[in-house]
Every structure is written in C-alpha cells, then in structure tokens.
Amino acid sequence: MVRDASRVETFSDGVFAVVLTVMAVELLQNGPARDPGKQLPDALAHAWPSYLAYVITFGIAGQIWLGHHNMWRYVVRVDQLLLVFNLLVLLFVATIPFTADLLSDNLRRSPAEQRLTAALYVGTVLGESLFFNLSWWWARRRHLLHPELDPRLARAVAWRLRLRPLLYLIAFAFVFVDPILSLLLYLLLVGLSLIRRPGDLPRFAAGASEEINGRGR
Amino acid sequence: MVRDASRVETFSDGVFAVVLTVMAVELLQNGPARDPGKQLPDALAHAWPSYLAYVITFGIAGQIWLGHHNMWRYVVRVDQLLLVFNLLVLLFVATIPFTADLLSDNLRRSPAEQRLTAALYVGTVLGESLFFNLSWWWARRRHLLHPELDPRLARAVAWRLRLRPLLYLIAFAFVFVDPILSLLLYLLLVGLSLIRRPGDLPRFAAGASEEINGRGR
Amino acid sequence: MVRDASRVETFSDGVFAVVLTVMAVELLQNGPARDPGKQLPDALAHAWPSYLAYVITFGIAGQIWLGHHNMWRYVVRVDQLLLVFNLLVLLFVATIPFTADLLSDNLRRSPAEQRLTAALYVGTVLGESLFFNLSWWWARRRHLLHPELDPRLARAVAWRLRLRPLLYLIAFAFVFVDPILSLLLYLLLVGLSLIRRPGDLPRFAAGASEEINGRGR
Amino acid sequence: MVRDASRVETFSDGVFAVVLTVMAVELLQNGPARDPGKQLPDALAHAWPSYLAYVITFGIAGQIWLGHHNMWRYVVRVDQLLLVFNLLVLLFVATIPFTADLLSDNLRRSPAEQRLTAALYVGTVLGESLFFNLSWWWARRRHLLHPELDPRLARAVAWRLRLRPLLYLIAFAFVFVDPILSLLLYLLLVGLSLIRRPGDLPRFAAGASEEINGRGR
C-alpha cells in the first residue's frame, strides 16, 4: 500500500521515455529521408542541427531523469501537492521536444530568431527546475522523505538543485554573445554534471545505509 | 502473485504518459515550426490556441491520473470486470488528444463549431468519469479494496467521484454562453481540485494507517 | 532477483500502451481536423470508419492485454525461449495499428480490397495468438508457472487459448460474405470474452489461494 | 529503497517499448495507405523494404532488450556512472528507428547509398554495444552486482558481450559484397542468438540459486 512513490516513478518514467524517443522520431522526420532532391551524403550532412539538438535534448532530459531518480529514491510517502509539483515538472519536460525542434529549425536563421528560440528552450528547463526545487522543498517540509535520510545530505541536495537554474541562466546569457556557444556551454554543463564523482551520489545516514545495503535487494 | 493491481497501474501509466506527451508532439506539429511563411514571433503568437489546449489537456489528463492513483492504491485484488472498466476509462483517456486537437483547431471558428468540439471534449471526459465511477462502485461491491480501508472514506470517495461529472456538465453548459469562458471554467475546476488540502487525501482506518506508515516503505 | 516476470510485464505493458494510444493519434491524423474543405459536422461524420477501427482495435488489443495479464500472473520464472515467444507476441501486437489503419482506409473500397485488408488484420491476430499459445505451452512444459497452480486450471487455460484463433478464423470466413458483418462479429467476440463471468478468472489450488489472499497484498 | 535497478529497468523498458512501436508507426506512414495512386496489392508488395526493416529492427531491438534484461537482473545497486552508461545505451537504441528508416529507404538505390546507410545502422548497434560492454565492466568493477553471482558466469557474460560487436562488424563487412546479404546475415545472427539453449541463461552460484528459486516469487 506504500508503493505510492513507486507508481509516481513508473508514470514519470513513461513520460521521460516518450520524450527521449520522440526526439529520435523527429530526427527521422526532419532528417534526410524526407529530402528527396539531394544526394544522400549531402542530405545527411545538411541535417546536422537535428543531430546536435537530439544529442543536447537527450543530454538535458537524461540529466533531468537522473536528478528525478536521485530525488525520488528518498521519497517514502506522497501527498496531493507533491504529485502536482511532479506533474508540473513533467509538463515542462514534455515540451522539451517542441522547444528543441524550434531551436534546431532556427539555428541557421537570424540572431533575433536564434535568441528567441534559445530563450524558449531555456524557459522550459527553468520551469522544470523551479518545480523540481519545489518538489524537494515540499517533500522535506512535509516529512515525506525516508526518516533515516541524513539531514545534511537533504540540505546539500537542496543547494545543488538551487544551483542548477543559476548555471542554466548563465549559459543562457551567452545567447547574446553567440547562440552556438551557448548551446555548447549547455552541453558542457550537462557533461560536467554527468561525470561527477560516483562518490557524491546521495547516501543515507550511516546506520540506515548499512541496514539497506545489507538487505541485498 | 497478488501484484495484479500493480500491473494495472503500470499499464495505465503507460497510456497516461503517452497521452500527455502526444499532446506535446501535436504542439510541435501544429506549432510555428511548420509555418514557414510567417515571421517567428508572429507564428509563435498565432499558435496560442495550441498552447491553451496543451495546458488544459495536461491539466485534465493529469487530474485523471491523480484520481486514478488515489483510487488504485486501495485496490488489493482485481477481477475481469474491474479490468474491463479500467480499459474503458483508458479508451476515453486515449481520445483526449484527438478531442483536444479538434477543440484547439476550432477555437476561432463559428460558435456552432466551437460548441460541437467542446461537446465532444466534454463527452470524452464524461465517458471517462462514468467508467471511473463504475470501477470504484464495482471494487467496493466485490470487496476488491484493502480490507482495512475505512468504509466512511470509501463512501466519501464515491461521492466525490459522482460530483466530478456534474461539475463538468455545468462547465459544459457555459459553452452556450461563451466557449472560451467554458474552457477557463474547466481550467479553474481542474485547478481547484489540484490545490485541495493535502489533508483530504484518502486515509486508512486508524489502525491500518499506523501499521502501514510504520513500515517505512 | 526473481522479478523476471515482472520486468517482462512492464516491457509488454509499454508496448500495449503505445499501441492503444497510437491508434488515437492516427484517429487524430486521419480525422476531420485534417479535412479543411468540409464543414465540421460532415467531416466528423465522414470519418466514421476511423472511429470504428479505433474501437475495434482498442477492443482487440485490450483483450490481448487481458489475456497477457491473466497468463503472466502465473509465471514465476522465465527462460530465453519464453522471452522470445513473448517478443514475437509483441511483434504482432505492434502491427495492429498498421493493419487496422489499412482496414479503415479500405472499408469503403472494392470487396477485393476489403478482403485483403481484413485478411491482413486477421493474420496479425492469428500470429499473435499462435505465439501466445506457444508461450503458455512452453511455460507449462518447462515448469515456469507457479508450483501451486492447479493443473486442471492450466489445462483449461490452454484449451481456451487454442479456441481463440479458431473463433477468429470463423469471423474471418465471414469476410467473404460481408466485410462489415465480419468486423461486427469480431466486436461481438471481443465483447463476449470481456463480459465473461468474473468467476471464471483462473484461480490457484485451494491451499495456495488461501495463503495468497490472506497476505492482503 | 534499494529499488534503484528496478527503476532503471522501468525507464529503459519505456524507451524499448516506444522504439519497437515507433517502427510499426513508421511502417504505417511509409506503407501502402499513403500511396493513393497504386492498386492495393501492388502498393502492399511495393512496400516490402519497410517490412524487412521492421522485422530486422524488431529483431535487433528485441535482442538488445533480452541482453539488457539478462544483465540488469544481476545488478543490485547503481551509481551515477552506471546510469550514464545506461542512458548512452538508450541514446543509441533510440536512434535505431532513424537508421532503420534510412536503410529501408535506400535499399533499392545505388550501392554507395546502400553502404552508407548500412554503415550508419551498424554504427548505431556498435555504439549501443560499446556502452553495454562498459555497463557490465563498470558494474563488475564497482561491485554493483549481486554478491552471490558466480564470478565465472560474470566473466562468461563479459566475453559474450565483447563477441557481439565483433560479429556485427563481420556482418557489416559483407555490405561491400552485397547489402541485402549483409542484412540477411544480421537476421541470421539475431536468430542464432535468440534460439540459444535456454540452459545457458546466466545462473547464480549454487547456494544463491537454491535460496532464490525456493522463495517461489
């Protein structure tokens, strides 16, 4: 009966899985297969913004999934508002293919159009980040987290979550310098967050951790 | 072997996840990216009915998911008919993108077309609501719910479920006054149901609740 | 570590969920929203074969899911070949939207085209049914089922599974009389199988059943 | 709290499920239903490369799923890097529909185009295979596997995983002889790997296996 968090994960995973694969379908429909006039190698090369957008989006959505995974493993119970915050996170996650498609379509147009689409993309990620922060804040306040979770760790996670939108905003500021540079900066940010030391994966307080790891599965 | 309800949830979550993300794909395909003749800001602004429909649909489908989540956590066993009722709920949930797309395409046409598409949209939600009510009624009648679920709570849930289609019908009646007003009323109804106090999340009878929460997970 | 069957269910549920919702997306793309020349009521009425095909497909795929759910709750372990049989079931399930779309597109064409598309549709269902039968046969032969499953029940399930393709073939034979009649016969068959008495849901041997139901969840 | 691996499986299954069904949707959109000028039987026959590509892709993605299933049932804990390797496996899995579509579109064009698209397809599978190997290597090195997993078995799995990209490369080399032959060779390789004896499904060390199977579920 206490599988609540588990069902939230299943549902969210479904949304994440569709978002990741929808980008690949878009790739397919924007890709060279739909460009009959050109030679295949040219058509493939011509479609590079699609590939870039696919990789970046996979990186962003994958990173959000990692964060979601890391957070929800500490959630023991849910209440209505936590579910609503999670739905709002997913509302923004589900629009990533839309904004990413806009971005990749406008990557070779005027600077004004590049900035507008980059701003929309960043807005999506910021919205997601905002409600993600609210989820963690609410889960802590309402004692929905595992009772043996180390409070220092819960605080550290909260700080890391607050840092993320800031870094995204800085990367966004570079849109006014050069949109491609801004995108590459994103890729770098995502890369950095992915390769972080396995050691800093959130842990439980010593006792709880022993007990849990001892159970095997 | 008694994971029956858990599999029903996984399956339903898959349908919900696709429904939520399909709307975002539709957004992408109805959106400005497919409107080459226009300037980007105009094209983005022009597509506002798509955004409204996306948000409303996400709200409606998200709210249905919340209700589904709240109901199924009390279901301990399933039988053939409960599964069929659940499939029929999903049959209507899966058509939400279709009716929402119709709605958003006709939002700026004649009042007759607005009414027709709004009626279809409401019909979808009413159909879903009907079979949702049948699910709860059948699960109670067949003793498929958790044995320690407080009977007063089961009754309260049944009343709340019966109330929902009524509120939707009232919102629908406003289509004859003004379709946009009717849509906004929906949004308000969904919003109200989302922000309800966390305290009124269904609880078990005192003893059961203690036992369950004490287990941690 | 013995969650094997559970993961097979999650994966299959993902495929089922996408199949059910893909039909609704097709509805959307074949539907009146893409028919700008016509009046809305006419366009909606004109699209009736899409609705029929959607309902029938939802019925067929939903029924297959019910069967899949009923079978896999008895599976305790899996081996390579059982997984392959299950993948082949899904191979056919995943083509249902394709054959259903063909069917609905040709429902108002010549009898020859109606027969060809109906034959393809039935072929899909027969292929699925064949590998479903093989799954059950293999799971019984290799003792992958719950050890306390009543052998008489396992035999009864096997007989019911063998009956299904026969009934489908009979419904198919009516294509040569009238394709619409054949489709309606399918709908009837599906309906009959859905409304079967809850009492004939497979049960365990008396002792096992007691033990299992007593556990609550 | 130790459900980590279980959530990774749910998420990956979502991606696999969408990949398998997306191919069927592609079939639908490349298929005869969109070819109004032709007679139905001709249109159906004309679309044979789509069917071949669908079956091959289902085979490849299904085989990858089998491997993923076989590997992850031994994983007891996860860390950040294992999740990243898994995301990268999925990054390549999600592009299978794209490369398969390219392949099926170019199967009747010039040898140069056939080779290029076949190379892309093989590249996808090689990329997936590389990160799959890294996953297993990392899980072994970091002791994330079940503690009672027989070390000889873990080594045997590692060898089998290393063999797979080699076989794919050999099949790819045949593209320079004949692209169709190369595809058929793939199909054969996939077939061989599927029909391998159920007996060689990885087992636990004797004691652990007893304990696990004894639990029933």
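Letters are used for the chains, namely A, B, C and D, taken in the order the chains are written, and counting of residues starts over at 1 for each.
Everything that follows uses one rule, which is that a residue touches a chain if its C-beta (ideal position, glycine included) is under 8 Å from a C-beta of that chain, and two chains touch if they have at least 3 such contacts.
The model shown is predicted, which means the values in this text are computed figures rather than measured ones.
Distances between chain centres, each the mean of the C-alpha atoms, put B farthest from subunit D.
Of all residue numbers used at the contact between subunit B and subunit C, under half are used by both chains, marking a mostly different-residue interface.
Centroids of subunit B and subunit D (each the mean of its C-alpha atoms) stand 35 Å apart.
The distance from the centre of subunit A to the centre of subunit D, with each centre set as the mean of the Cα atoms, comes to 25 Å.
The set of subunit C residues that touch two or more partner chains comprises 1, 10, 13-14, 17-18, 22, 146, 217. Taken in their complex, subunit C has these residues touching subunit D: 1-5, 7-8, 10-11, 13-15, 17-19, 22, 26, 76-77, 79-81, 83-84, 87, 90-91, 94-95, 97-98, 101-102, 105-106, 109, 113, 116-117, 142, 146-147.
By the touch rule above, subunit D contacts subunit C in their complex via residues 6, 9-10, 13-14, 16-18, 20-25, 27-28, 31-33, 40-41, 44, 54-55, 58, 62, 65-66, 69, 72-74, 146, 194-198, 200-201, 204, 212-213, 215-217. Subunit C contributes residues 1, 10, 14, 17, 217 to its touches with subunit A in the complex.
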